[in-house]
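All chains are identified by letter, namely A, B, C, D and E, in their written order; residue positions are counted from 1 within each chain.
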């Protein structure tokens, strides 16, 4: 029973990872940039979500505002920060991204205080009993369903709509995509919008789960999401989802059974290195 | 319909093509010939907008499209089946066609698709397969079919016969002749000189980025010097 | 004076550390996001040895040896994975190092190791020694760049496959780069331990790794002088920024971003372009 | 939300003001504190506490009429930054004494430098055992982690419970607490069912909670800071675990209740600050802090206030002189502080009772006091 | 070259023995055998997609054959990395020119000429001087006819210069066996003819050469022997003239089987454009 419960908890954590890593993977697929500052949109989303929810009393509004604002911020970041660096070696964008992340983390602290903020009346805290003894918070259940649903919808959109097709074509061969009338600018903006909005979505969920939003909350996701997209085989949406869930579960078991040997981060990265040594192209990459 | 007015193009300090002038007409096939690295592909990619135009003008029906953004050129009626085919490999054949026709309403897709499948019936059986899994010949057909989905008035095809079996080459060239009969302008880059000479209406031979010979294909076929000096021994 | 001496020592240590990474990333093109782990290996070994009474000068080569050995093993991964994957893998190595140290009681665990003494030098003497080390390593880097090894590194950084066609045993050179670079990081780590006299797992984490990488990139990747200047400046920046208190890291992060955004080839690139411009102007006269 | 946005701006303006004040004030005391970086939240509290102590002293006329000036530098809680900060305080600002409002790593790195310079250094809440071992100019006003851990074990016993699960935060604070707890556990015949560790950045404890539930302990001894403890306690309760949770001074912030909400009710903590204390000093501090900052106080603020207070008290005795005189003055004093009555032993550690607080109606209330001078004896020179 | 002078054995320099290469399900090379004698100038030809480049990759070790083996001076090369094969006396001039763009043309050649100094990292670390290598580079650049570009940056050089650079760089390794992958591609007829002549001269000086080339005119002019591949199989081998008369070869080249007199005509030089 414990094993099942740990598995469930691993999935909850994994679905949050998936939401964050998905945006990162979209950006990587398109631009080959390791977008560390992505985690800033996660934090931004959490702040906006709490502030709007506290002010309006509506969680839905909080989600909407968080996603909209983070999405726009993502597009602006792309235009100002990355677009001019696209033809430079990848580590240039990486360092720019790191600088941006440090600055944003500090900006959150300066604006919202170092101690973090909480919901005045945290929603979705009631708990549910599932399958006998497994107990989940409403918020935990919803984040699992929510993230799986959103990823499912996203991959349907990607495969079933003309816009999604345009995105995939751009990932596959930007020049040719352009030659068939696809505006690279539109596709890239859209990807940054969607990716950042997803990170913000994850941010609000984490705010709900912890009832706490701090300036530093993005630091763990900032690098762990990188590990996930590498595990997932860089640029693959389904691979990222699978890698995130696997990592969540590995961590869940690891913290309990390997906790004395290694800490959570080290377990995650030990797993990553192990996988890469066996499969240098990542866990779920076709190539 | 398309006029290259002494164009030069290349990358940064490197100039791949020097002062090329060429006129393409509807219902005609123009063959762009020459050795590896002579600047044929650069010319195509320049017309498509991917290689920087350094001098000269590109006119489409008398209108200067030199500065037209890449993504708008397909709207103007120019489509390309590029070197190496460059299919969207992870996507299905059908999706590749869909992307080819992205500038047209979704409602037209089925009609357009059936039209190009009529030209290349072999693709019809392959529709759900990832494009990367096709054989070389099928990939080339798909590259052409994808370009045709845009309903172009000019189609540019790079290295049509490269690495293909003779039978498949035949198929492709038959398709090409049919396109001509439907009034398309075709700009064909080809290493297989025999083939190109056999089908083209006009020939332009490049060497190290410069035009060394232009004229009708009939003239070219009769000019033994041309064939031996610039086109290898084919 | 002690303040300047201490700051100078810190700067020299940063210069050493940045040069050691520059050797791997700048010269040989192998990006590393976990370089602080090797600083840590050197620091921990030196601290343990110092506690055991091993003389200062003897700990330095031992720290180099161990860090270089570990670095060579990590370098093996660079034979397996490339570019972005390597960046993430080395980042993982960094986390693994910190994770392992945290859980080892005999390495001080979370408490770290304090009271590291035994350099038996005055503050001034230690500073001079560290600066001397930095100068020697600079000289080594300049020499290395001009040696055949430097030429090969340069080739590998640009095009590994073509270097193979020229008969170069690329894996051995990559390992050599990792070995030398990480050994120098180990040396730096030993000096770090003696200077700060306290080390803990958090001193060698991800933040430290990206800080040193930003020094290399801001200086101009591969440029010895550029990296030296950038490391010295960036390491002193927080101390100089004390007056803006609350906004210190905000300014630091923003500066890092703006610098890279507008001068992607670093300070060395900026200077080079400026010189060329002047030379061109001079030539036209 | 307006205040939350404005406050940092006001505070930073205050820092500017402090840093920019020309050297008219005669007596300078230093403070190293993490203003930026990951530990900034605690740094903020520490800074407010120290500022309050200085402001109070200046209100009361300063030292022989001379005003005190607090020189504040950011050390990012990093040893690397703390070394230049300490040197700068000593050399550039010529402080007569200094207070650490920072974590163990940076405090430990700074300690050696203050010791070498002969500048008394009063440490508030950094609990690394080596800090006071650096030399006789070092003082610490809070109980060390081990001591608190031993107190925690006794509290479990006082509650009449036996089966304990330890949830240990993976940093020096958490490890020291766990070590003390485990050391004392046999004395009270406690059965430590299991110990799990978590990282400082963790906020999601799903797997740990699941395992604790399976272990079914009578009581949970969980080390942490309010920002880890808030989510932890809330998640334990959400999973239906009803066993009491015992925390420590790291929980001691109103933020804890804000984060954990109703789940916080009944949580016990061993700390230095007794909010129901009859002591006028404590009550005055709680009121003054609220007045000065608009927020409730916490352990970090109280400790740093106390450290600064102890230093200032010493300065009053020496008439503003530093060095050995100040050291001896501090060592010889006994202090009535917000965190209780203090006096230093030969290692300059304090021995004091542990206050047990309980969360009741979203406020910390007195639960009990652990008075056990033998069990709670801090390390001393003679003890070594 | 000196390396040639000290090889007295009568063994063929290169033996390709029943090599089969498969990519996925596609047979790229199907059971191909041939040998290259010392001093030979062998043309490896065939239509596009015949498997020439794959054959070359099997020889250099970039792809692993499914069956069969490759031997150099009688020594099996199976499983050896490309750099080891190079060290045993091969050199490769690549079809796609890949000069190092941040060093000069001469430095590119000198880098290869330092092959003794770069054998091991330690030796490389301890070697500083490269006057000898620069001298060799100068000579080689002279030999391939681009001496005047020695100090230029390859990034701005035309393809013709880079093709020659690629050959010079391969020669700098002082190989026993020089593998040239389409060295003439992209050159105009004059350039092609002169480079072909250079190649012929290099061969005359004792370097064994395998030449993959599309420019049949030059191939027929300079090669001593031909191996013709089609669809991954060897369809002919022997004297250039006789090989080109074979019906199978003509069919392979023309696809439709139509022979043409022009095939055997010697090309003329001269650029009348």
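Note that in this section a residue touches a chain if its C-beta (ideal position, glycine included) is under 8 Å from a C-beta of that chain, and two chains touch if they have at least 3 such contacts.
What you are looking at is a predicted structure, and each value in this text was computed from that prediction instead of being measured.
In summary, the chains found to touch both chain B and chain D are A. Look at where the CA atoms of chain B average out and do the same for chain C: the two points lie 52 Å apart.
Spacing of chain B relative to chain E, judged by their CA centroids, is 31 angstrom. Our note on geometry: chain C versus chain E, Cα centroid distance of 43 Å, whole angstroms.
The distance from the centre of chain A to the centre of chain D, with each centre set as the mean of the Cα atoms, comes to 35 Å.
Residue positions 102, 246-247, 249-250 of chain C are each in touch with at least two other chains. Multi-chain contact residues, meaning those touching two or more other chains, occur in chain A at positions 106, 110, 260, 263, 265. The residues of chain D that reach two or more other chains are 8, 12, 36, 170, listed in rising order. Chain pairs that touch one another: A-B, A-C, A-D, B-E, C-D, C-E. For chain A in complex with chain D, the touching residues are 1-2, 5-6, 8-10, 12-13, 16, 51, 54-55, 106, 109-118, 122, 125, 127, 135, 137, 140, 206, 209-212, 214-217, 219-220, 251-253, 255-256, 259-260, 263-265.
Chain C makes touch with chain A in their complex at residues 25, 31, 77, 80-81, 83-85, 87-89, 91-93, 95-96, 98-100, 102-103, 206, 210, 213-214, 217-218, 221, 246-247, 249-250, 252-261, 264.
Interface residues of chain B, counted against chain A in their complex, comprise 48-50, 70-75, 79-80, 82, 86, 88-91, 95, 98-100, 102-103, 106, 146, 150. Across the complex, chain A is touched by residues 1, 4-5, 7-9, 12, 36, 38, 40-41, 43-45, 170, 196-199, 201-204, 206-211, 213-214, 227, 230-231, 234-235, 238-240, 253, 255, 258-261 of chain D.
Contacts from chain A toward chain B in the complex involve residues 162, 165-166, 168-169, 172-173, 175-184, 286.
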